[in-house]
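Below is one structure; the comments refer to it alone.
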Amino acid sequence: MSEMRTMTYAEAVREAMAIAMEADERVFLMGEDVGIYGGAFGVENDLYERFGTERVRDTTISELGIVGMGVGAALTGMRPIVEIQFSDFTAQAMDQIVNQAAKIHFMVGGQASVPLVIRAPGGSGTGAAAQHSQSLEAWFAHVPGLKVVMPSNATDAGALLLAALEDPNPVIVLEHKLLYKQSFAVPATFPKARLGEGRIEREGSDLTIVATSVEVQRSLEAAEQLAAQGISAEVIDPRTIRPLDTELILSSVEKTGRVLLVQEAVKFGGFMSEVSATITESRAFGALQAPVRRLCGLDTPIPYNPKLERASVPQVDDIVREAAALVREW
Amino acid sequence: MSEMRTMTYAEAVREAMAIAMEADERVFLMGEDVGIYGGAFGVENDLYERFGTERVRDTTISELGIVGMGVGAALTGMRPIVEIQFSDFTAQAMDQIVNQAAKIHFMVGGQASVPLVIRAPGGSGTGAAAQHSQSLEAWFAHVPGLKVVMPSNATDAGALLLAALEDPNPVIVLEHKLLYKQSFAVPATFPKARLGEGRIEREGSDLTIVATSVEVQRSLEAAEQLAAQGISAEVIDPRTIRPLDTELILSSVEKTGRVLLVQEAVKFGGFMSEVSATITESRAFGALQAPVRRLCGLDTPIPYNPKLERASVPQVDDIVREAAALVREW
Amino acid sequence: MTVASETTRATAVLTDMWRIRLFEEAVEDLYGRGMMHGTMHLSIGQEAVPVGASLCLEDGDVITCTHRGHGHTIARGADLGRMMAELLGRENGYCKGRGGSMHIADVATGNLGANGIVAGGLPIAAGAALSQKMRGTDRVTLCVHGDGAVGEGAWHEAMVLASMWDLPVVFLCENNQYGMSLPSLAAYRVEKLSDKAAGYGMPGETVDGNDVDAVAAAVGRAVERARAGQGPSFVDAVTYRWRGHSKSDKNLYRSKDEIAEWRDKDPIARYSGQVLEAGVLTAADLDAIQAAVRQEIRDAVVFGTRGAEPTVESMLAGVYAPVDEQGAEDRA
Amino acid sequence: MTVASETTRATAVLTDMWRIRLFEEAVEDLYGRGMMHGTMHLSIGQEAVPVGASLCLEDGDVITCTHRGHGHTIARGADLGRMMAELLGRENGYCKGRGGSMHIADVATGNLGANGIVAGGLPIAAGAALSQKMRGTDRVTLCVHGDGAVGEGAWHEAMVLASMWDLPVVFLCENNQYGMSLPSLAAYRVEKLSDKAAGYGMPGETVDGNDVDAVAAAVGRAVERARAGQGPSFVDAVTYRWRGHSKSDKNLYRSKDEIAEWRDKDPIARYSGQVLEAGVLTAADLDAIQAAVRQEIRDAVVFGTRGAEPTVESMLAGVYAPVDEQGAEDRA
């Protein structure tokens, strides 16, 4: 565990899938172009050569169908992983995700459960425009019966995927396209993770930054710059947003008294509004020295133009600016 | 305008559709069983007899297809209304609602717009269980390009539908199944409404209750009971949740200093978390005498058993209890 | 077939058809008396489809049902008491009162459940069949769906995927000719629904869905094909529902004559007549079967009405399946 | 056809095919030099489909395209400069730099746009056709989609609805034989994709998609049928893309031989050869056409690269169409 290696986020996802498939013959993968193509983002690469086309299954372009097949396979003894090529196409599969997978265990009174893992890359930054760049986690976080995971680094991408595969419930893992190619230091073995446990990525005392996915990386960079300005930022990554590690966030806010919530998704109705509401109606309300502040995506579909695209979601500079203002003005 | 008549919410929706179809030959309706069946909830009733099967079109059971046809018709000079039989089945149509209707005007740089109205009844209370009882407004509120309307009474059901039909953007109108059969006093002519304008349904001074859809009616009943206890509750109905009449809410909160947010939808990640976050990061933060409190649906799919079903969403008693506690404890 | 086995079979068939009919009549009655709530989709008049199809299934086979799922659930052997308890919303019901009629399931008998979503069960059935195939079993999945479901994208995607992978699934269209108020055949622009199967490289067959033997024969062929690893089939069983679509139905889209005509094709009366004529069962046998089922139904109602009301606590505890921490630790 | 009109037609056909080819080569080049970003779906090798189909359309007809939409957009007469500007993300592009290649649209020519969602355009096209029919026009909608789109539920639902209502829409499958890496024909278990049309009560035809005239003939028949109020048709035009699916494609799923074989079937070379042989155009004419198009493309690149960068303010103002308060007041 102590020896570290360098690995991209995509490699970590691939390795976790391979570990699970080695260990458990019930695990298999279905998705569009996950076979010989190697995945639209190269996540699968040679996985089909290692495990064969029975366990790494290329499907037709039928998102609703393949998620539904995942539900059926999960109900009958398998542990399917379904890849949705871009998380935007979960829109095609919402019925099976929300009306079926999330509710079956409940609706049948516990007679069956749906251990299905759905992986889907989200986020902007690749010039893919409005239909291929959304961050839709808020939809899923609002659905009882689902668990929602957002890994922000390679270690978590692997560890949380393995945890998702151990879970008897449907879990949607929202990966990030920009992180796939990024390299991280990763322990020799993925640490055991538990869905619902967040982590303090960096300790600090002046304010708490809660961020998700790629914004965790940006927040860590921002914290570095803030430190140079004499501001000590604590950075929290909830890692799973449903269930949410509320305790970790509240304790931090009680300590720092200020909180900046950072997400790539559109602000209005986004997941960070839940975090904000949770904080302000909690015991931590009294500890707040400043109003909770959200820094989120602009209220727009993601544009194609690269400058506009960058401007549409929080960048490192924006986080530094907002965090500094929060500390200086209050 | 001053003469009032009695009319159910369903009748108001029907009348508004009829007014629009009389006035504008571009307006037509598509949906499952909206013709001779009269609509699953009787909303359409004899509409097809009055306007013919060309303008009141029975479709196959193809939610994605009919919303998409609405998009195509709206792009080419018509003003379609698409009915989704239960709002739960918007899950089938999310791609056309979110990836197409909401984004086309933006993606084509304003060359075209999508004046499409989608009507869909939501909510629990009819014993229809988990797949026919959801309140999914939070999903739509999070999507730039959409407008989202939630009428809480018959007048609004008519007036806001007419406003939606005047709007050049896609508008989703989330009606409530329990309200359909409820009677209301309605002016002789539907008043002109504007999407984005909320309303104070009842004035008060001790706390502000912001509620949506059926919970507005419950909140008004609760306010009556609270008055008997000496508590003066102001009840606000945002009427459209995207765009949201933030100003109206903030002014009220500044006046009362306390706020209870009431929705039927599941609490976690629900729309009221946005309202909460908006309030606490606004100028009204300083005026708050108590933490913002949310009273929402339990964290569960809607169950079949009628007692459990009632217990799953806020009832009048719950609102009275929470409001009273908010005023007494703070 | 020997006389004895013919008698056994006929008795079983009639018992199950009567169970479905009388169970639903009891449900209707409870509903009418305000003792049951929600909405109901009754399959009275369609009994030959579930009973005929079930004759072809064995232990370990899987089925998925529609919102109109009582018939198949009963035909697969579900306990009538626990079914009635579920429709009464009780803790001793199959779904602990959480699901009701539209989500009734009996997973122990391979019945993954009714589905409130039209065509929602199709991809799930294809997935169950994939699982059966990947696990190396020779089990099959029977996917029951309505004619209205054929208009859904989910129907198409399941047909495409099942066909691509030669999955052991039988798509059984319980074709009562209407999707709520929409006459399906007119809408789909084909002569018979089985004409659609060719577009998926699948055999398709249309049969009289009020004839138990015809249904059993067609489904039997499809099941054998699936068991032999030859892939999916489509069976279109034409039948009719006597009642409205659900409780909100004013029945304006069907004529009285049409309904009367189909009542005359009552699958129970027809099958009873056949076995009487063939001398497989006597009139007394028929009466005895009905009487026995009537008693079962009475018992079921008693069982159901005596069930406890579920609690909010148990409901909330039932949203997620519990994570087996220990098991997880072991595998890490 | 007179010699003069044959010459005009051949010139127009070749001009458009070259516009598509050279536009995309320029795009590739700009991308390679880091001057263009995002992802690109090139239709080089498929030019006969858009050009052949467009020959059948008139003013007021509508089309919807796929993510691989440059060809049809050009064939319908879009301005190359504004297209290039769009792909360069500029304010003077068709979509003000908001849409890019995957959302290119030219609504003035009836082109409702490319679509980043596979099969996303099908229901929209059916809706446009419904609108054409309801407004009493004799206009038609051409719905271009890929072979991969056939696996989507949206494809099915649009086919069902268009068929039920006899809508004036032509479903044109630009069948380059792969949905990204998936070989379609093998997946769908039919001999040819047009075998699927019968299941929707629609005529279906498979044609050589590298032959402009064959495409024009088949689409022409379908368009005439639609204009005459006889409903939708399905045309399957078999072609091939020379390039990878997009920039991420390593082309592992197709053999070099297969690609070479299809390069030999180059639709431009083939059509050029035909008109040369028939004496409709001379070698000098062919050179002149190409040279003229080269200049157009150079101009387009200049126009595009000189365009202004869009601003955040204008972007945010473009999310919603403005409500015309006055108009609304009038109708109240």
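Chains here go by letter, A, B, C and D, matching the order in which they are written, and residues are numbered from 1 within each.
Everything that follows uses one rule, which is that a contact is a pair of C-beta atoms (placed from the backbone, for glycine too) under 8 Å apart; a residue touches a chain by one contact, two chains touch by 3 or more.
As the structure is a computational prediction, the values presented were derived from the model and not from experiment.
When the C-beta pairs in contact are tallied for B-C and for A-C, the bigger tally goes to A-C.
Chain centres here are C-alpha means, and the one lying farthest from chain A is C.
Rounded to whole angstrom, the centroid-to-centroid distance between chain B and chain C, based on C-alpha atoms, equals 36 Å.
If you average the Cα atoms of chain B and of chain D, the two centres end up 40 Å apart.
Taking each chain's centre as the mean of its C-alpha atoms, chain A lies 30 Å from chain B.
In chain A, the positions touching at least two other chains are 59-60, 62, 64-65, 88-89, 92, 95, 99, 106-107, 129-131, 144-145, 299-301, 303. Residue positions of chain D with contacts to 2 or more other chains are 95, 97-99, 103, 115-117, 120, 151-154, 157, 160, 164, 187-188, 319.
Looking at the complex, you find that chain D touches chain A at residues 37-39, 89-90, 95, 97-100, 102-103, 115-120, 148-149, 151-154, 179-182, 187-188, 248-250, 252-253, 309-310, 312, 315-316, 319.
Listed in rising order, the residues of chain A touching chain D in the complex are 32-33, 35-38, 40-42, 58-65, 88-89, 92, 126-132, 298-301, 303-308, 311-312.
Taken in their complex, chain D has these residues touching chain C: 150-157, 160, 163-164, 187-190, 195-196, 198-202. Every residue of chain A that touches chain B in the complex is listed here, in rising order: 64, 88-89, 91-92, 94-95, 97-99, 102-103, 106-107, 129-131, 136, 138-139, 141-145, 242, 244, 265-266, 268-274, 276-278, 280-282, 285, 291-294, 299-301, 303.
Here chain B touches chain D in the complex through residues 23-24, 28, 54, 57, 59-60, 62, 64-78, 80, 95-96, 99-100, 104-113, 115, 144-145, 147, 162-163, 166-169, 192, 195, going by the rule given at the top.
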